[in-house]
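There are two complexes below, and they share subunit A, which is joined by subunit B in the first and by subunit C in the second.
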Partner chain A sequence: MRTVRFGIFIIAAAMILALALFAGPRMINPFHLSGTEREILFAIRLPRVVVAMLMGMALGASGAILQGVLRNPLADPYILGISSGASLAAALGLMSGFYFFGSLSVPVAAFIGATLVSLLVGAFGWKRGGLWPERLLLAGIGLNFLFSAVLMLLMSVSSDEGLRRAVLWMFGDLSMADWTLIPPASAFVVVGLGIAFARSKALNALILGDEFAHSLGFAVQRERLFMFAAMALMTSASVSLGGTIGFIGLLMPHIVRFLLGADSRVLIPASAVAGGAFLCLADLIGRSLMPPMELPSGTVTAVIGAPYFLYLLRRKDVLSV
Partner chain B sequence: MFSVYSGPILELRDVSYRYPGHRLIVDKLGFSIGNGEFIGLLGANGSGKSTILKLAAGMLYPAAGDIRLWDKPLPAYRNKDRAKLLCYFPQHLDVNAPFTVREIVGMGLYPYDIPPQMTVDEAVEMVGLGEKAGAYVTNLSGGERRRVFIAMTLIQGAGILLLDEPLANLDIKYQIEFLRLLRGLQEKKGISVIMALHDINVALQFEKVMLIKEGSILGIGSPETVLTGEMIKQAFDVAVEIRKSDRGGTHITHERWF
Partner chain C sequence: MWLTKNNMKRLFIIIVICGLFSPVFAKELASSPRRIVSLAPSTTEILFALGLGDRIAGVTSFCDYPEEARKKPKIGGMSNPSLEAVITMKPDLVVMTTDGNPKEFEARLRSLKIRTYVFTARRLAELPQGIRDMGVIVGAPEKSDSLAQEIQDGIDRYKKRNAARRTGRSATRKKVLFIIWPEPLIVAGPGTVMDDAIGLLGYENIAVSAKTSYPKYSIEEVIRQAPDVIFVGKASGMDIRDVSRKILNRLAPVPAVRNGSVFYISDNLYRLGPRVIKGIEELTACER
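Presenting the complex of A and B:
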């Protein structure tokens, strides 16, 4: 039964991917490509779909990891302040004239910000030789408020046009996606996914509690650190690719648990696939709904995601770690 | 030639422990357990039962003293190797993930590269959950959940079980069944058990009892010698009487509770 569902799940994801590539304001027939269409496909559509896929995969898997590590169904990568920290870093970078990397300055600043915040949250969550879930969560929430407040402050005192653009970009915009950032970002996502998948048995054990995890032969603190590092790598890569797109990290693990169960060995890869497909779909809707205007993908994910999340909430025993 | 080891399989020597910033929870405690031995660990709330079991499981590091498993220091074991010899069963089970019964029981095989003989379905059957093997643990009652974890412990196959109040939340039927199941494993496989308890009547069923007060041993030995009215008064601060029943059991009696 579960195998059948898994098959349907993969087929649905593949169909969405194909749809995202060939549908849109301009439909492309993959069997009859004209020169312009080939140009659109390879220079615009494909990198955009790849970026959406990578971001969604990173966020979906990160959410699955974090909900398990924190043993909290409400956790997502942004609750730890990674998004607001990245936005703040991007804004600060632009204000202080950080144009060192040219057009890549914003993504690079965002990546540095996200990584620094992850380290900071980890430092606050660290006590007696290990990371403690409650401390991590509370530290993250505290830092999130702090960074959002400082960002607000900066926005209200500055008239810098660059700053405004950076902040808008941070809300999740895939329209500028091109090939430049894909190789380094995909390396981070692959490494993060690899670590998480390799340690997925340990994550299962951690979900049962530290005591069972220890009894089953796992070094609890080391495993938690691995998982946190995998999450931080993927989230930072995602933020630098296209800003902070909400709801994927929170929602995807819940949908996958509902359909395929809680075993992390399935949950992590399936949340990644679901996240990738979902963001491709959201982006497709965002650019097709009222062309030539584009809706930011983050808005679309929230508008589709929030009602579905509330629907799941009504179903018994779904919203759990 | 090789010699057969016949000493204690788990030994605590002068072990002390304190939680950071607190008084000593365990104070120069020493005891050992031999192959196939069952020990009931009895003491009032906060007497240090759980801490002693966590120290013995290698989950906490003693401030002083050392712990030896099969005559080798406990920290010298690799985690996975230790898990095949020694298993800890926590007091609180709070799992709210929709794992199925079979999935959780299967986690008992994580320490192994080559699975041992018992299959997941056999273990599930042994705790009487055969019909619910595919059910989500989140839909089971407290007692049923406990049996799921008992099945996981069985399949993990460790020779030493450190059980922290495993009978809590269990109906009396399953309390008796669980104790008999352990007895059967003792006879078949020679497992050893240290079980934290706070029910004196259950402790009276054990051949060996260790009575704890404030992290020190008040008495260790057969229930007849350790669980006297006077010792129980010391450990629990309550006056009771130990009676033999006509049917061969022993139990405590107390004046009307309220």
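Presenting the complex of A and C:
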């Protein structure tokens, strides 16, 4: 039964992907391409859909991992301050004239920021030779507030247009997606997903408690560290691809748990697939709603995601991770 | 005793005369403010162009033209000016615009009995009258009249020169895209001074169908609409050529990029003020 459901799930995701590639305010007929359309399809649509998919996958899987590691249904990769740290790093980088990488400077600065924040959260969450869920969560929330506040401070004292717009970009925008960032980002996402999937059995045990996991023969702290690293890798890659896109990390694991159950071996890959498809769909809506204007995908995900999340909440008796 | 009957009479007459003229004095004082705070870069430029630079007590942190404007005390940004900073400057007139200043700010100032003037012109065609109206309030009616006339003449000159082209079939008109910011792509849409200038010159702004003034524009759509000319506006604080390299790469199939018709221009058109005619002239660079 579950395999059938999983199959339907994959087919639905593939259909959304195809839709995102060929539909829009102007349809592209894949069997009858004009020169301009070929250009648009390969240079603009395809990288955009791939970036949306990668980001969505990274965020969905990161959410599933983090909710498990922190044993908290509210957790999502951004609650730890990774995105606000990345935005801050991008802003600081631009202010100090960090332009070594040309047009890649913003994503590179964002990636460095996201990685540094992950290490910082890890350092604050570290005590007695291991990572502790409550510590991680509280440290992340504290750092998140700090970075958001500093970012707001910079924005309000700065009259630099470029900086304002670059930060605007950090709030979820896929319109600039092109091929350059895809190879390194997909490497990070694949490695992160691989680690998470390989250790998903351990995550199942961790959710039930450290002592339980220990009694099953898992090295609790080592497993937690692996999971945290996988999450950090994927979230950092995602932030540097297209900024902060909210709600996917929180929402996808809950939807998947509702449809396919809470087993991490299914939850992690399925949350990734769902996240990828969902972001492609949100981006499709964002660019089709008011053409030729484009709405930022980050807003679209929240606007369609939040009501569905609330609906699920009503239908569920018990919230679990 | 110096207070003789005669003296009393004289004093009385003097007092009566003063009383009679006092409304005139007061009006005279009120009509030519001495300490003006300007809450927008465009009004700052107009005030300087009217020769009132030394009466400006404060400007926003965005006011960077002319050079003297940078040295004026700052009262904060356009959308978030500081009420305290404005009050400390003891202005007898605060000049604001409907294009960027919060409406509530004017209400606050008025409730504090501070005189305000709101500059409402937002389109190119409204600018000359806007300058005249403001000139009367700030006590420089002649100067504002001549500045307004100068701008009106400029507009009429281009209108006449391009009358033939503007009535021509749209297929023969140059298709233009005005990039405000390349990443993400934000362009000048309908209702902007840039759009007015493009229309005045007889070109066609491809972003005119967008629903907002500064839309985040679809790159796909730019490629489809294939503009003949691309203008890239100046940004403060960074080299716009660096930032636009990537977008121009992506727009490689567009005629403007293929034929080298990409023009980097100044910020003259960004502000509805004395520099607009210069800005329109810059756009004609694409005809050479």
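One rule holds for everything that comes next: the second predicted complex is superposed on the first by the 318 of 321 C-alpha atoms of A that agree within 3 Å, B and C clash if a C-alpha of one lies under 4 Å from a C-alpha of the other, contacts with A are read in each partner's own complex, and residues count from 1 in each chain.
By definition in this document, a contact is a pair of C-beta atoms (placed from the backbone, for glycine too) under 8 Å apart; a residue touches a chain by one contact, two chains touch by 3 or more.
Just so it is clear, the structure is predicted and the values come from calculations on it, not from any experiment.
J.: Mind checking subunit B and subunit C on superposed subunit A, clash or fit?
T.: fit
J.: So in the superposed three-chain picture, is A:294 touching just subunit B, just subunit C, both, or none of them (first/second/both/neither)?
T.: second
J.: Could you say whether A:211 touches subunit B, subunit C, both of them, or neither, answering first, second, both or neither?
T.: A:211: touches subunit B, not subunit C.
J.: After superposition on the shared chain, which partner residues are touched by A:134: those of subunit B (first), subunit C (second), both, or neither?
T.: neither
J.: Quick one: name whichever of subunit B and subunit C touches more residues of subunit A.
T.: Subunit A has more residues touched by C than by the other partner.
J.: Have a look at where A:43 lands relative to subunit B and subunit C in the superposition and call it first, second, both or neither.
T.: second
J.: With the two structures laid over each other on chain A, which partner does A:201 touch: subunit B (first), subunit C (second), both, or neither?
T.: In the superposition, A:201 touches subunit B alone.
J.: Now for A:219: first (subunit B), second (subunit C), both, or neither, which partner does it touch?
T.: In the superposition, A:219 contacts subunit B only.
J.: Regarding the shared-chain residue A:263, is it in contact with subunit B (first), subunit C (second), both, or neither?
T.: first
J.: Could you state the shortest Cα distance, in Å, between subunit B and subunit C after the structures are superposed?
T.: 41
J.: Take the contacts of subunit A with subunit B and those with subunit C, and give the residues found in both.
T.: None.
J.: In the complex formed with subunit A, which residues of subunit C make contact?
T.: Residue positions touching the partner: 61-62, 77, 80, 181, 183-186, 207, 209-212, 215-221, 223-224, 226, 235-238, 242-243, 245-247, 250, 253.
J.: Enumerate the contact residues on subunit A facing subunit B in the complex.
T.: 68, 73, 128, 201, 204-205, 207-209, 211-212, 214-219, 257, 261-263, 317-318, 320-321
J.: For the complex, give me every residue of subunit B touching subunit A.
T.: 20, 54, 57-59, 79-84, 86-90, 92-100, 103-104, 107-108, 110-111, 136, 138-139, 149, 156
J.: Using the touch definition up top, name the residues of subunit A that touch subunit C in the complex.
T.: My answer: residues 24-26, 36, 39-40, 43-45, 94, 99, 102-103, 106, 156, 159-163, 165-166, 168-169, 173, 175-176, 178, 287, 290-296.
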